[in-house]
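First the structure, then my questions, so here it is.
Note that the chains take the letters A, B and C in the order they are written out, and that residue 1 is the start of every chain.
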């Protein structure tokens, strides 16, 4: 589904990613974990076109999308729920969701039934349904996270990128978010999940990659990595 | 100075030392000689007058360059300042019959006062807001000049008699240069004024003031945190610029012998901006070239034959440039199609028209567009790019660079019992969000104290509270120095820097267009005692201070390992070196407390090793360090004590080892396994 | 008292024109953090273009053509003046470029339509109506109605149509808008087109009650900027309030002090507001991120 080879990217003079290789098979959840500054969000941004890769290739279903602008990447079915949620604060919950389907409404992607998908989103996130006409900027952090995920799903994406969904959320809400991720997993939604909090991510992913200083340190089935001391060392230092 | 590292984005290899100083001197000599003999070679009084206007405009544009080139702001109000100067002189004559010299004094004085007035609304705004503020200012000036008829004679304007430059009858003599010479007195006066202006501007931009102007353009935040008050220096820049505009205005009034309100409007302001941009910012030659262009242009445009010839030449040049680009398969050859096409179209257009004077402003508009996109550094900048030896000499270039004195002033109170910094229940609330929810922090002198925590835990907020960028919602920050302590919360970054707290930034905030040496010199700003007049007059005190501080700055650069790169512009340094330079700049403040915000971010392993060595040396000199870092190895290896934040609370504190093993900390970083109903399946 | 009411009434009409122009500034600033320093020239060109069409098709039919003209003009300004500067991240660039384009437009207009001010035929009777002791020109009513209608139309567009929502999304968060598949460059061009369109429309609204010429827009645009600052470059309602305040302040100044000083209150207001509260009265303070 998503094949990344030799990805290098950075900001200005700084190269943050030094040749990453990873894949996200169809229907699976892959986690990218690592401490802050390791390059997780930079990876997401390179995938969704927010920054331009300096080297390497990104193939979505065989098509090369590396270097495209984000609106083109969305057209090809990559939905990115960004770090910090970034919902549109002066638009209503409903409008936010509708905008998630923008390429479908303007002919860049097969249209399908947008209204039905919106109704589905409200089923999945009942709290959003209660607040459908409320301005997104007035929602709580947890609700905004739901909205960001729902908005990304409105694209009917080939792959869903979730960037630090638990950031800034209280533990109860983190549980809620991961319950939803599990639901989506059951529906075979292909996901790439970036999380600072390794444990939560490893609990829901099939496969995981540990990022450190812009390189993949090691990878493996998520189950196996849950108790691996090497994971803890990647975050808190100490012997590797 | 041999450079051992190839800069990543160097515009031109800085191999040859800049000949700019020598060229500058040569140019000055040529200018002086040229101006002196001009009226004897070209005897037409029309052209002499034209030269006078060019020189007067050049004075103003040199001043405008300080605002536009050095502080990097667009000022749309300089025609207004010009008008104030002109009217100050004219009004003095109208009401008090005072002549040229009084007029010059009044022009400079009154316009400087207006410069202060203009600086007030301009202080807190930048960019388009500043442009509008200056435009509004200029418009108001025009309106008031027009309306205050009793003072200014309103729309009718004021007529002045021929200027009396030197009155020899006062000493009972006749002018030694005869009647013909008398006519040229004004011309020579203006030339002298221009030369004096060049000298003054030169001195100012090479002084700490000039460095402060560039610093506030490159990074206002870093400027404030280095103790250089952005407000204060913005005012200086506006006042100096206004003084020169006032001088030019007064001279202009006596040159044209007539002032009227509608001559000092928007059109003139745009012409001045065109001149400074086309000539070349941050230079002395640029404003002079630009002035000549805008003064001569109407004359050129009036002669349609000349215009056609020039259009033909331009079209030919464009054709050549375009063809070469295509033949060489240059990357931007398609982007060149537009300007080349326009240049080519210009020629037949001039053939069709009988006169271009009506389209004078269109020509100016097109020139502005052309300059903005294809010649942003102006003619002087273009020449400098092609001939690297002519690029501007930075401060101290060509002078001996030796380090002298201790890089760091050793701080007393090495391992004292009393804390150096005490944070008491710091609360930082943004709307509903508590970035810091009541944090206590105690930092012992002479230690390296680490501040860690996952994303969003409040580390950077704490950093900003400590350095005055945020004012805490409640709580206190106290710094103990010598005898007595100081409350830091609520103070400006400038004041906190003066109290001895220096910092580096998460995203490097260097003064990009200044050299490494100049960056450190800005940090040393606090130790300059000289005033603006010292700078302008070039007094021995000024020169001595400059020498001493330059030596000290070199010592600091040597300390952080950048001695060989002193003359490299900050933006051309490799990333790792940029981070070290920021530390060096912070050390120039002679701080008791140094705050490092993720200094190891983005660094390679060898760079990190160098960094840790330097931080240890800093601590050994007695300077206390607070370190925010994500690189655990760095934190563990360096820090004496570590505090851990999570969600705005302090959740652990202790030695590095203790904190690393603390289960609360592990959970904060890795999160806890999320409860799920499917654990059975795991 | 009657005079006071009279002055306020005239001030309202003028104020709505300022609001309409300021509205245009907001549109482009919201999406691209830039604005057109030649907005006044867009207004003047709209009025002059309309003036040329009126003898052939009359006032009302001329309006849609002027709207199209303004729309196209905005796209040109964005393409030539703003986009290249934004690409190289040069603030100085788009400020000077839009100024330059404004100068060029004004000069070309002067050459086509002449330097003298022209009379724009009023579509409505020019005799004043008496409303409760106050004399109001029918055209002034049209100005207020037209300006409000236009701003309302744009608001409806923003709220109802998908492209309008895309414009709002881009103003909120340009990166996130890109992630939605929105071509934010097109949105920016669209916002410039709408902005110039509103200015051109304001031009044909105000032309019948004032002198029409190449220079009619310059001071209007500067004062409209004052209104945009007062109202905050991000807030919609603020410009209407700001425009009314300014319009009334001006007519009062013009009467009680002198017509020569009429333009001064707006400019002083601009300086004062920016000295105290750089984000404008209705603007939101930005939290610095270092």
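The criterion applied here is as follows: contacts are C-beta pairs under 8 Å (C-beta built on N, C-alpha and C of every residue); 3 or more make two chains touch, one makes a residue touch a chain.
All values reported here derive from a predicted model rather than from experimental measurement.
Undergrad: Which chain pair has the highest count of C-beta pairs that touch?
TA: Chains joined by the most C-beta contact pairs: B-C.
Undergrad: Quick check on this structure: which chain has its C-alpha centroid closest to the centroid of all protein C-alpha atoms?
TA: Smallest centre-to-centre distance to the global C-alpha mean: chain B.
Undergrad: Report the inter-centroid distance (CA atoms only) between chain A and chain B in whole Å.
TA: Here the centre of chain B sits 42 Å away from the centre of chain A.
Undergrad: Just give me the whole-number Å value for how far the CA centre of chain B lies from that of chain C.
TA: Averaging C-alpha atoms per chain gives centres 33 Å apart.
Undergrad: What residues of chain B sit close enough to touch chain A in their complex?
TA: 8-9, 454-456, 574-575, 578, 598, 601-602, 630-633, 635-636, 660, 665-666, 669-676, 678, 682
Undergrad: Where on chain C is chain B touching in the complex?
TA: 34-35, 37, 80-81, 84-85, 90-93, 95-97, 99-104, 106-108, 110-111, 218-219, 222, 225-226, 229, 258, 260-261, 263-264, 267-268, 270-272, 274-275, 278, 287-288, 290
Undergrad: Which of the residues in chain B end up touching chain C in this complex?
TA: 68, 72, 74, 120-121, 123-125, 127-129, 131-133, 135-137, 139-140, 143-144, 146-147, 221, 266-267, 270, 273, 277, 358-362, 364-366, 368-369, 372-373, 376, 430, 460, 464, 469-470, 505-507, 509
Undergrad: Which residues of chain A touch chain C in the complex?
TA: Those residues of chain A that touch chain C are 48-50, 69-71, 74-75, 79-80, 82, 86-91, 95, 98-100, 102-103, 105-106, 108-109, 151, 155.
Undergrad: Considering the complex alone, what residue numbers of chain C touch chain A?
TA: On the chain C side, the touching residues are 162, 165-166, 168-169, 171-173, 175-184.
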